[in-house]
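Heads up, there are several structures right after this.
Next come two complexes built around chain A: one with chain B, the other with chain C.
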Partner chain A sequence: MRRIGYVIPLLIGVITFTFVLVSLAPGDIVTATIGDYPASEEYLAERRAELGLDQPLIVQYVNYVLSALQGDLGYSFANRQEVLPLVVNHLGATMILVVAATVLSITIGLPLGLWAATTRRRAVDNALNLSTLVAFSIPAFWLALMAVLVFAINLALLPAHGMTTIGFVGTPIQRFGDLLSHLILPAAVLAVPETALMIRMTRASANEVLNSGYVLTAVSKGLARGRIIRRHVVRNSLLPVATVMGYTFGTMVGGSVLVEKIFGWPGMGSLLYDSVQRRDTSVVLGVVVVVAVVTLVVNVVTDVVYGVIDPKVREATAL
Partner chain B sequence: MTTPAQQREQRALEVSDLDVSIHPFGGTRIHPVRHAFIDVRRGEVVGLVGESGSGKTMLSRGIAGLLAPGLQPRVGGRIVVNGSDLSGAGETRRREALRTELSYVFQDPNAHLNPTMRIGRQVAEAIRPGGRTVEELLDAVGLPATEEFARLYPHQLSGGMKQRIIIACALAKRPALVIADEPTTALDVTIQDQVLRLLRSLADQEHVGILLVSHDLAAIGQFCERVFVMFDGEIVESGPTEDVLWRPRHEYTRSLMAAMREIYDVAAAAPAGTSTVPEPVRES
Partner chain C sequence: MSDIVIDPTTPKASRLQRLRLGRGPTTVAAIAIVVLFALVALLAPLIAPYDPFAVSPRILEGPSADHLLGTDDTGKDILSQLIYGARVSLLIGLAAGLGSLVLGIVVGGIAGYVGGAVDNVLMRIAEIFQIMPAMLIALVIVAVIGRNTTLIAAAVIIALWPQSARIVRSQFLALRRAEFVDAARISGTPAWRIIALEIFPVAFAPAAVQAALDIGRGMLLEAGLSFLGLGDPSTSSWGGVLRRAQPFLTDAWWFSVPAGVCIALMVLSFNLIGDAMGRRGTQGRRAL
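Entry: the complex of A and B
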């Protein structure tokens, strides 16, 4: 629970870093909205003064941090809306996608990783190793396009775009089915590298546990192999995997930008992409801040999950 | 019905002409144990001494069938545990023996208990149907025989308590033989003595044969009836502890004893008055 104390300095650090990066990029929202239309310098200066962009960068920065810490992330001129509700509206869609991908990677990755570690058939272990290598190496954009081509266009099994069918009317269950059919392809694409990571991690940690002293103790009790794996190997193998899951959540949100764009998923990734193009600085910063907060929350949740698995940690964090 | 005296005569372990070879990854096959012999009666504590690398652990693990499969171990020779012949036994027979006849106590208790399982369950899973309860076993190894204690996790116990839990696990199956591989090396000196006393009393009270693997000659001398000396993969000397330790015949045993005297006899050998400890100041 000490982590709570890090939240504020960490958030300020993230905001500072993003603020500097966005300021370094050429152009601003004024040039981006006007585009190639010939406008006088006076007009541009007037617009900038209106948006507070004429003030020194440091003043803009301090103002932003102070209001951000109070929950005010500014106003999006491109969307004509407050940033916080705008980002939060898109957060839901991203969460559906990322959580679905996480669930997929856990339900597939953990059993396969354990299988790779405990099987006595070398061929199985080698095949799984090779598959994870391939899964790591495939670029997400290629995989996403192939998924659209094969499953949406050639086989016409699943929709290729959006989160719901436009104008779809039906019972809540039918609407959920519609959402699910839209979810399968992007979630699967996002889950591929995560699943590979999960298999690798689980395999490595299960191998370590299999060579541990307490597994030898279990063997010396004359217990059957399956029982040793169920009662002594599985739980202890999950400890390092649980730690990594918290960290990969952040990278998944990052990875979802591309996947969301390709599948037209109305999440934060799409919002971020569009806002960067429009130089809509306040939204870019807002997305980064919200992602940072979500990642921190997920890490705290990971700590709690870790405590459930490891009695040693449970005792230490109970205070 | 056998009397205690008859039980004492029963052999818990008979090993002859034992060869153990392993094939470490990337190396060639080596033979760390050759033509070894050893026997343990029920109710007896037998010592196996020898320097590090002499093959003590390979010998004891080979007997128990607990060599790492990655080493591709091959065990040849005759192994009889409590009357049942395990020579050339397959995995299933080996497991059955570990389930019912023979137990192994490891060197480092901190590494040999599952950190995420309550100690009571770890003891319970070694109990055979109709065997003793967890509480009885905790009591037998001198730990609090309460439900609260059984619900603790290993990290909440001291090293000595953990080793007692491991000994309780070893007793749970009512074995004929317990192999204790340097069971006190990882413990404090004061705890070492307690654990060895516990093993000794278990041999006396439960008629278990105990093979105590150690390089601590003082402990062997104090707790063992007989001793086997191992050197470079072979048993070079064996017999009653007194004979072997005080009238060693093999060159290696002699050098072992000389080394031990150097450690233990310095204080006794130092002439009076030359002590480096200052005399207490007496008030006149």
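Entry: the complex of A and C
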């Protein structure tokens, strides 16, 4: 219950942000959210009356927030559909992509981060550090283009477009394989900066553990180095890394706008891109609100999970 | 009446903490690249061989003596577009770094120094802008309101400021209780002096590190926006070049490769500088 009190104000904040944007857009809220779509004067008048545009701004604002909180994110004229179900329909594909990228970044990033922290060879640490900076610096969309060029066009190893092969028939396992082959490139591209982040987080976290009193105790006790790292360092340094999951989810959705567009992945990013091109503002704003909701949910879940797996946090919140 | 005068000068935190950079070869290279790109951006009209918007019948030609990096699908010289693109990238990047630094110092400073309800409200606002991905924030602002350079810069700042606000806030929170600040307060130093002369110089270093990283993040956001077709149509930007290069991936590597390399090099340089600034003093002793 305590977390509801944390989530709702933030959500209202996000909705307020979208309200301010629409208010600043040329034209009024109705023309702004309708964009370039032909709508009859009667419809516009009806919407204006519905939204109470003759009323003071503050009343309009309250109405806007209340309807958004109830899931009314407006109507998409390009898709002739309510915005909320439209966006939610595209959520699944994005989630597949983001989860795959997360799995990749964890499996590669955690070991490398631990290696960077525990190695005695400064060259290894420096090389890993430089690689993470390079990974942060390459624009994801360019990397995606280059991946298409090399792996899909020149080497013809993997499909470059879509989520499944159109007209593909086969057993469920074959269909899964088909999906997987489409997933590899976009997920790998999306995972590049996340892996770098994972390496840096793990390295920092492990370094902190290495400086802690109990590691010093273990060293003084004469425990073998490998044993200390396996028994104490690894476990304790992984926990804080888990907390960034909620945050990285958001950045990955941001990155997926560009990556989905290039790979024709039918998720929220593609929907967002198409809606921007068609000036379908209500969908653009709807995506923002839905992404914020999902990020908040992921944050709350990681928070709860963190509390469950880390006794220190559990004790602290109980007090 | 005592004639003892308490000296109001308290132990100074320091002058502005010097941002010493590691002298590693990578840092030197990064600075050199930034200087090079900055010169190119400043001198663009002098060194660009062609007008970046001038179309010609020589479309999609490979690199030659006439066009060092070839031409695009409308016969425009790619090298000239990249030279002018350095201006857009640097402008938005620097605006992002400076803007979020200033905003971060103001908001984070107030939150950290005043504390209590003010801190709570300000940090909640920062959080609102952190649960939305930066790319998404910048994108909606430009998509809904309009596409021009000023607005793009503002959008990028709005997307990036919370991080530096958080950093400055945590510095102020910690320093507010530091001994040398207490000493200043006890000796009757006014609050503005404490903030400006005692806390700010110490808090500035980590904020500056973040600003260097924000320059790179700002450049990436700008490139992404231009790639999505949300750049300022009156400028020639690296992301815009890549947008137009997409259909010609297989036909013209000179269209898509150099522009991406420019973005990556530029961003990497600022990241390396930020990293070198941030590393100072973090390599302490440890048990293992």
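To be clear about the criterion, the second predicted complex is superposed on the first by the 268 of 319 C-alpha atoms of A that agree within 3 Å, B and C clash if a C-alpha of one lies under 4 Å from a C-alpha of the other, contacts with A are read in each partner's own complex, and residues count from 1 in each chain.
Here, a residue touches a chain if its C-beta (ideal position, glycine included) is under 8 Å from a C-beta of that chain, and two chains touch if they have at least 3 such contacts.
From a predicted model like this one, the values you see are computed outputs, not experimental measurements.
**Student:** Tell me which partner A:L216 touches in the superposition: chain B (first), chain C (second), both or neither.
**Tutor:** In the superposition, A:L216 contacts both chain B and chain C.
**Student:** Would you sort A:L149 into first (chain B), second (chain C), both or neither based on which partner it touches?
**Tutor:** second
**Student:** Name the contact category of A:V59: first (chain B only), second (chain C only), both, or neither.
**Tutor:** Touch status of A:V59: no partner.
**Student:** Scan A:A292 for contacts with chain B and chain C and give back first, second, both or neither.
**Tutor:** second
**Student:** Who does A:Y273 touch here: chain B (first), chain C (second), both, or neither?
**Tutor:** Touch partner of A:Y273: chain C, not chain B.
**Student:** In the superposed arrangement, which partner chain does A:G254 touch: chain B (first), chain C (second), both, or neither?
**Tutor:** second
**Student:** Touch test for A:V22: chain B only (first), chain C only (second), both, or neither?
**Tutor:** After superposing on A, A:V22 lies in contact with chain C but is clear of chain B.
**Student:** Specify the partner with more touching residues on chain A, choosing between chain B and chain C.
**Tutor:** Between chain B and chain C, C touches the greater number of residues in chain A.
**Student:** Taking the superposition on A as described, I'd like to know which of chain B and chain C A:I309 touches: first, second, both or neither.
**Tutor:** Touch status of A:I309: first partner only.
**Student:** Across the two complexes, find the residues of chain A that touch chain B and also touch chain C.
**Tutor:** Shared contact residues on chain A (touching chain B in one complex, chain C in the other): 211, 216, 219.
**Student:** Mind pulling up the chain A residues that touch chain C in the complex?
**Tutor:** Its residues touching chain C are 9-10, 13-14, 17-18, 21-22, 24-26, 32, 118, 129-130, 133-134, 136-143, 145-146, 148-149, 153, 207, 210-211, 215-216, 219, 225, 228-229, 233, 247, 250-255, 257-258, 261-262, 272-273, 276-277, 279, 281, 284-285, 287-288, 291-292, 295-296, 299.
**Student:** Mind pulling up the chain A residues that touch chain B in the complex?
**Tutor:** Its residues touching chain B are 211-214, 216-224, 231-232, 235-236, 309-312, 315.
**Student:** Looking at the complex, which residues from chain C come into contact with chain A?
**Tutor:** Those residues of chain C that touch chain A are 26, 124-125, 127-137, 139-141, 143-146, 216, 220, 223-224, 227-230, 239, 242, 245-246, 249-250, 253, 256-257, 259-260, 263-265, 267-268, 271-272, 275, 284, 286-288.
**Student:** Taking the touch rule as given, give the residues of chain B at its contact with chain A in the complex, in rising order.
**Tutor:** Those residues of chain B that touch chain A are 64, 66, 68, 95-100, 103-104, 106, 108, 111-117, 122, 125-126, 153, 155-156, 166, 169-170, 172-173.
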